[in-house]
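Okay, so subunit A shows up in both of these, paired with subunit B first and subunit C after.
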Partner chain A sequence: MIEILSVTGPASVQDLGRFDQYRFGIGTAGAMDDVALRAGNILLGNDENAAGIEIPMVPFRLRFDRDMAFALTGAGVEAEIDGRVIPPWWRSHARAGDLLDIKAMPRGARLYLTVGGGIDVPMVLGSRSTQFRGEFGGLHGRPLQPGDILPCTASAATIGELGVEPAEITLARPNTAADETIVRVVIAGEYDGFDAATQALFWSSSWKITPQSNRYGYRLQGPAVKPRVPIEKRSHGIVPGVIQIPPNGQPIIQMRDAQTSGGYPKIATVIRADLWRVGQARLGSKLRFEQTAYAEALAAEAEMSAYIERLRTIVRLIEEIRTCRSS
Partner chain B sequence: MTTPGRPRISLLGTSALLFEAPGAFDLPHQRRIWALAAAASRWPGIREAIPGITNLMLTFETPPRELDGLIAALNDGWDAAEGLAIGGREIRLPVNYGGEVGSSLQSVADHCGLSVDDVVSIHAAPLYTVFALGSHPGYCYLGGMDPRITMPRRQIPLQRSAGGSVSIGGSQTGVSASPGPSGWHAIGHTSWTFFDPSWPSPAALAPGDTIRFEIKQVIR
Partner chain C sequence: MPIKLTDIARLAQILERSGVDTIEIEEPGQSLKLVVDTGPRMAASPTPAAPAADHSVIAKADVAGHFLAAHPWRDKPFVAPGQHIQAGAIVGLVKIGLLYAPIVAPAAGTVDAVIAEPGATVGYGTPIVRIRPPSGSSPIN
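Presenting the complex of A and B:
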């Protein structure tokens, strides 16, 4: 078990998400940085879909009530377990009573704490992810609070420390300025409703991520991008990554807790292979959009799957080498 | 008669595709969408077929390499779709119009050049059909609203609107099932449970069900 001691901001239990309940109006929820959650689970030998804790703000402190392996992936943090510093994207072993202290988050926007076996909250409608709107999944469908006890299926077996290179380094995109995140997008249904100059403005602008950005959506600030004539759509399904343009011309990127449908015009959609980059982009930093074709977006996904596959292979090989040495 | 337009098909990244039917926002078109959804949900590679308002979103189990086949299947499916008549149940929902939750009642009246009483009686008159579920868990999009009380969505969506809000967005109306962000204008409030994840089917209503709003009171 894990006991939450102090929380800043809406930390929550998330797995990869709830993907087949759209017809009831239920969105995906799930980790904003699915790459980091997967990597943490791979480090621990878990199912990649095992639930972890998404931590968007620090300080954050918790206590392990028994021996268990855990990993920290995602944002770059200053963290200590029982007074020892934990490197980024690292698997460590906690003893019963150990205190995990996440002190600062100098890079990225969301940290993932995964434990051997996963956080054992009930599966609701096919997922353990917290669904804030409707209040179900995760721990009682709400953000974590001090005093919360989270059950874990963790085994007490001791496993060695192990780390992998953070995804932001391995999957770095070329020509990215500091404090700017470039994400690839596929144009969406109403793109042609914007004139050429406005389309050019959308591509060339550096969009500021406003403080009104969260798991629901990222509200961006920049030059007004407005269609030739106002567009009012009949409500239709949307998915995380869709970039809507409300009448004020300021884009909103739909994120994991977004509504499942909407009617504002859509200019583009962030591709799945880059959505985690948005999830790790900090408030106040800049985003830039790069147009990509559907086939290229599929290629980027394949590249992402290959990266995950590589992680899995590396972790397995290291475990095998260690087992050989110790036997 | 004018030539009927062709459907619009567009991408939602690599995880979904949107099919928008040509023609009016009415029950006959929506019944064809229900029929197309029922067919498309059985196609290989499709995770879910989710009806919207005279449109349909297909989410992918695995994104198709080539989209041409899927686009052709949707176009053919639409042309072949006979209206699927779903015999739903009828729900009566008492509504408190206006008040704190329904604070946009006056602005809808002003925008439409009607009195508050007119807006209320026009809104409560029709038998609405649940066209689709979406937005948030258990939320129903209703068809059948009188176009006289149409009001465009908000310039900037609200970060939070109350659960049970009876709202107008464009030429559509609906009732929110829980509190959350909204780009619509709330004109009233109802207390009714639309969603419970422990139910065998988590949403209380389904496409084809009908709703009649009853004027409980009008708060000015």
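Presenting the complex of A and C:
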């Protein structure tokens, strides 16, 4: 088990998400940076969909009540286990009673703590992810609080310390300035409702991520982007990544806890291969949108999958060599 | 325990499947090196003998790859001369493809020197960091 000692901001239990209930209006929830959650689970030999803890703010402290393997992936943090420094994207081993202390988050926006075997909260509608909107899943359907006890599936394996290259390095995008994240988008349903000058403004602007940004969505700030004539649509199905333009002309990117439907005009959609980059973009930093085509979006997804596959292969290789030598 | 022929066959299969071209295993009394002969080979790195006269202990690489003195996300190296470290502290990384394997201090003490050049190719046993144990304690090298 794990005991939460101190928590800042809405930390929550998340797996990859709840994908079978969308038609009933139940959003996916799930890790905002699914690549990082997968990487942590791969490092530990877990099912890649095993639940971990998504930590959006620090300081964050917890205690392990028994010997346990764990990994930290996602944001770059200053963290210590029992006084030992933990490098980024790293798996390590805690002994019973050890304190994990996440002190600072100099890079990225969300840290993932995964544990050997996974966080064992009940499956609700096919997932362990916390659904903030519906207040179910995760631990009692809410953000973690000091004093919370999280059950963990027992894992027999003892593993050595090991790190992997962060996705941000392997999957680095060219021409990325510090404090600006470039995300690829495909144009969406109402793109043609904006005139050419407004479309150009959308592409050329650097969009500031306002403090009103969270798991539900990111509200951006920049020049007003408004359609030629006001567009009012009936609510229709939307997905995480959709960029809506409300009447004030300031874009909203729908994220993992988004509603499943909405009526604002949609100018574009962040491709799935870049949605994790949005999840790691910090409040106050800038986003820029780069237009891409469907085929390129699929290629980007293939590149992301190849990175995950390389992680799987290399970590499995290390374990097989260990098994081979000890058997 | 001796390495069996079936182990070698299995390791060779794993190497072939994973695209890794070299593996070295060393245990007391035996060593095994497998090289998949499809790509350019990794240069064998020299393994200079550790100075024997002083009481220093040496943190060594235990896998072949490239030495990283700092994590790519960090400006500061893991250790710097003069720094006190505990036994088991990470003093650097060996990068092998996407893997970062830790190099750990075999004993507590003060960092004397980082011997390996950042980015250098290192192999099994390459000395990385020289550590001076606290005076009065016996070396464990």
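The rule is simple: the second predicted complex is superposed on the first by the 319 of 327 C-alpha atoms of A that agree within 3 Å, B and C clash if a C-alpha of one lies under 4 Å from a C-alpha of the other, contacts with A are read in each partner's own complex, and residues count from 1 in each chain.
The definition used in the following text is that a contact is a pair of C-beta atoms (placed from the backbone, for glycine too) under 8 Å apart; a residue touches a chain by one contact, two chains touch by 3 or more.
Only a predicted model underlies this, so the values are computations on that prediction, with no experimental measurement involved.
Of the two partner chains, neither subunit B nor subunit C is touched by A:T8. Legend: residue contacts after superposition of the two complexes on their common chain; A:Q221 is shown touching neither subunit B nor subunit C. Using the contact criterion defined above for the overlaid structures, shared-chain residue A:V270 touches subunit B, although it does not reach subunit C.
Of the two partner chains placed around the shared chain by superposition, neither subunit B nor subunit C is touched by A:Q291. Shared-chain residue A:Y22: touches subunit B; no touch with subunit C. Within the superposed three-chain model, A:T210 lies out of touch with both subunit B and subunit C [touch as defined at top].
Common to the subunit B and subunit C contact sets on subunit A is no residue at all. Those residues of subunit A that touch subunit B in the complex are listed here as 19-27, 124-125, 131, 133-137, 185-189, 212, 216, 230, 232, 234-239, 241-242, 246-248, 250, 252, 259-264, 266, 269-272, 294, 297-298, 301. Those residues of subunit B that touch subunit A in the complex are listed here as 8, 10-16, 18, 20, 25, 47-57, 59, 63, 65, 67, 132-139, 141, 152-157, 159, 169-170, 172, 177-181, 183, 195, 197, 201-203. Residues 76, 84-85, 87-90, 107, 161-166, 169-170, 307, 310-311, 313-318, 320-321, 324-325 of subunit A are the ones touching subunit C in the complex. The touching residues of subunit C, when paired with subunit A in their complex, are 7, 10-11, 14-15, 17-20, 23, 25, 71-74, 86, 88-90, 93, 95-102, 104.
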